[in-house]
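These are the structures, in structure tokens.
The same chain A turns up in both complexes below, where it pairs with chain B and then with chain C.
Here is the complex of A and B:
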């Protein structure tokens, strides 16, 4: 879509590979107004020059091919057109991309883990493509750790009848800045499961999006975040239903504690005129554990057809339920322990959905550590 | 369900207020906005200097502020083609007989004098073009010290009170259209209810635009003093012209400690009116503010009645119902800002889009630091009756306090075949069945309206749904 063609929806107005098509954000724009631009370390205004700060290693399942390719590889950028300034900046600046391919009908026997480790202060731009051919099945883990200023685009291309399960862990050090777009393109009857866990980083802005190229696509986007004092963790989701009889379900839950902890969750769903029989639901819940934290939650819904199977969203923000804690305390469980149990319950149902057992344990123990700290 | 895009069935006599009166005053009025126009309005009204200064400030800020880029498409508004002030009669009437024949006929057709005769309302104001042409309040209320006059008279006769509150809730530069209203305001209602007075039956205002390309900028200021109650009802209509008019009102309401105010609007402008309105109330300790907002007419409506909950235990409530037919965009919603502890707010929004129309719910709930113990519930339901219409939800939530509960829910559904079949098997035709389902859907809001307005709403739904089923 060109820039001059104003799309029907107000939720995603621009898409272009050209950095010049995006003005430097001022913070007044709808899509940037929640993000503290001064903490982006120049990712948004072109002043952050790449200095190669992120090391990529891949541990792949035997059925899967992994390549590191140059920026002119023609498979790249086919599924996703950058939709904002930093995404376009990352697209213009990355040098090497990681391409993971799962051949037709192959079923990956073990998870494929892509580990991205920040080496320190450096600025880095990246690009990742995960492509499942028809009827393939795989589990892919993106594990972000260390410290870096990093912007990247990740494309998930899920072929007809294929099933891709992704876990993306943002387990950065406290000073990391990460701005990322994850785009999934679903073919006919494709299944996509995404699980996002954002814990670390000074500023993380992650924009997962889903589009459909044929009927029957099915996407579940699940997310969990824990925001500490001074952290800004932002998730901006977009599900674009442009094909009939597709399904999407979005559930993001977060907890916030400490002064200046700021969570932003934007959940956009568009149901285009052609997308009859769409079934979609979005849910965001925020648990404010202390004063001084701030949660913004905006579930947007644009529906252009009357023939939907179901559409809705819900958002709730509040503190722990006193009654739950009282119930536990009445049974002799001390307050701190009771509080921990209730928060564990809040996240527990989500964590159970993580495909990889070691990751489940790691996320649970991280959440425990956050609560203890 | 079959596609209902059948133009031959639509738009036939659906809008019954679409006649235009002969229009000498309107034809003579000047188009376009300039400092001269603003000075002229102020001079015609013999206003004090401070009001002129405020108007000029509004004009400056209007020029500076950008057009909103969100919400509806406003590119069709031609500010240079609008008539900013039209005086339809020299003198305000206090009995219907004194009104010029054509204006009197208009209000007869709208049924206003009848309602007054039957004492269904405690006071009436009728605004025609830029100024209020008829005004009446029941004697017993006047004796209790209730002031209900048009805003121009309010400024003349109660300047001190007026100056204290005017622009205190919505500052001059709040947004582009509030600035425009401050520069060009004329008419509207000024209401003051003294402490401990309950106005049992509603005060009512009726707004009508008659001139083509008219801009109506009424300004309403309501002050409900401690432990008092008032219910204000307004209705709006305009003729159908081929080019567009602009209605840009500002409504400021102050609800003091323990008081309660209810503000009901049934907006039924014709489909060539841009309706861009700023409405905001402040509610102090233990006060209750209720907005009941019906948007049925207009080409574009952008209206988000707000309540700023300033005192402990203040309560805000918005009930909103919107219908969008062919060519209409209702971008309506509510804004609740919690600034004090233990405040509560409720928003219930129901919308129906048909015939290619578009309804949007756009809302904000903000819970500021210190507003502990606050609770907010937002529920939006949309009903789609065909495949060519559109329904959007943009609810913003900003919570900065841990000890609160905030919930938002939205559902979008279509009218089910089962419901239709059930009603049709009992002998209703499809149109009637559809209208009945839609009436049931908005019933929770209709029952909050005064009787005659509830009947009017039901009748309007019937008109809107006529030919909706193909």
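Here is the complex of A and C:
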């Protein structure tokens, strides 16, 4: 870290509900330098007025309460304060929020699926709150489809001893623009599992973050993306260890193919002075399948305490290994199939971690389709 | 009956000439041993015949039953009946052994094997090579010991039943027990008398278990001497010194 560089730990300190507290990004800022601002369709500079619709439907488990509330609902914005310009824009502009509540000790018997369908090329802003009370357990799916210019914030409040497993699928149409913050706030001994799959969209910038309010929190953040020609898919993770004896594990893997395919992965982990006994690891791997694709991968680990249980990070971007392909071909397997086997192998172990079987199959067949196309 | 004919094969790696005119014919029912010092080009011969992209063919032909393998892709060569047991089989993360073997058998036979039959063949093959059943679920070569990798190569040999097998230093790094198990596998493969074996080795040890019909000494990128099994005995006693000096 250079002397004039701002320490990581202050990156997230800029947080406000007020849009005016954030300057319009120019693209020179550290947090915006990878994002093609011209393709944000005005989400970043105030010119994108809400016009179109993102239709929200919820198929809920019987144990779960679902409400659509106005922006004055006092439960909103408690766990998360917007940390950048577009997040603040979304917070300032959303009209209705979806609130999913899992009552104390309730165990949701089926996944709760929130489907967000873009109706066209209009601009929309959204807000979602998923709240698990103490000892509750639930699986929640966010399923993004269709075409839209959409910015939103999602709050996951995981109560003491509760377990929340989330799958967020960005399966947008080719022209969609989506900028989203997912923040999970973990109570004492809470468990959070996030699985992010980003496949569609012209530009997707998703920023999952985790904070802990008490010791014993345990977060796994897993991600998979497949970037095609011309797509910009960006994932920015932030895990803020401010409590002792919490755990986090981040694994994101992506494949890129085609001209102008661009993946960005930023993995920030901060271990604060108080967070003794932290155990954290983050990993990003990118597989560049063709020329003309680019992956930017930046892991940042800032440790402010001397007493950690484990802390590490790794990042690697590379091409398909010729030796893998040669070995399979030398056993008679044709090149295309050998390539599919190796890429499937690269993603396979991740996909197996998706909690919902139908989604697992859907993601697998999507990846297969990407490979065939 | 199959024949592999290597005619005046010349191979370079990054502009460095490694093979300088190799001539060799392996017929079904025959076992040929290629012996030579390190760096003599033995492995280059194996990988060039199999079609590894690192090697550039600068001259010659490799015919399998009259078809020039050098005109074919790596997978086409394998489907034509060539098999290379590798010295350092690569680890392929996320691809299970059983998935890999089923894909390979399907490709080579041209149709998917019946599931039950395949499971039976696989189990019999693994038992014969003392490979633990749990291997089928493991990732290809990942975390395998040296001996496990070599047994796994011979398992593939027995399942794929090629016309000609090239074994590249299959004996290296094996203890005596593993060497015996692997050799028995090779002997089962050649027992039909319808397959040819080209066995590349640095040491004579494996030749006590897999008896060659012909022995070729490789030095400086070509075959410098040929004979019967007795030539191996002489190499055992005298080493390669005479050849390395001659080619230097």
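By our rule, the second predicted complex is superposed on the first by the 361 of 373 C-alpha atoms of A that agree within 3 Å, B and C clash if a C-alpha of one lies under 4 Å from a C-alpha of the other, contacts with A are read in each partner's own complex, and residues count from 1 in each chain.
Quick note on the criterion: a contact is a pair of C-beta atoms (placed from the backbone, for glycine too) under 8 Å apart; a residue touches a chain by one contact, two chains touch by 3 or more.
Because the structure is a prediction, the values reported are computed rather than measured.
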{"item": "Which superposed partner A:328 touches (first chain B, second chain C, both, neither)", "value": "second"}
{"item": "Partner chain(s) touched by A:37 [first = chain B, second = chain C, both, neither]", "value": "neither"}
{"item": "Partner chain(s) touched by A:173 [first = chain B, second = chain C, both, neither]", "value": "neither"}
{"item": "Which of chain B and chain C A:348 touches, first, second, both or neither", "value": "second"}
{"item": "Chain touching more of chain A, residue-wise (chain B, chain C)", "value": "B"}
{"item": "Touched partner set for A:306, first chain B, second chain C, both or neither", "value": "first"}
{"item": "Which superposed partner A:318 touches (first chain B, second chain C, both, neither)", "value": "first"}
{"item": "Interface residues, chain B side, partner chain A - complex", "value": "1, 70, 369, 382, 384-414"}
{"item": "Contacting residues of chain A [partner chain C, same complex]", "value": "321-324, 326-335, 337-338, 341-342, 344-349"}
{"item": "Residues on chain A engaged by chain B in the complex (per definition of touch)", "value": "10, 30, 273, 276, 286, 288-308, 310-319"}
{"item": "Of all residues in chain C, those that touch chain A in their complex", "value": "50-53, 73-75, 77-79, 84, 86, 89-90, 92-95, 99-100, 103-104, 107-108, 139-140, 156, 160"}
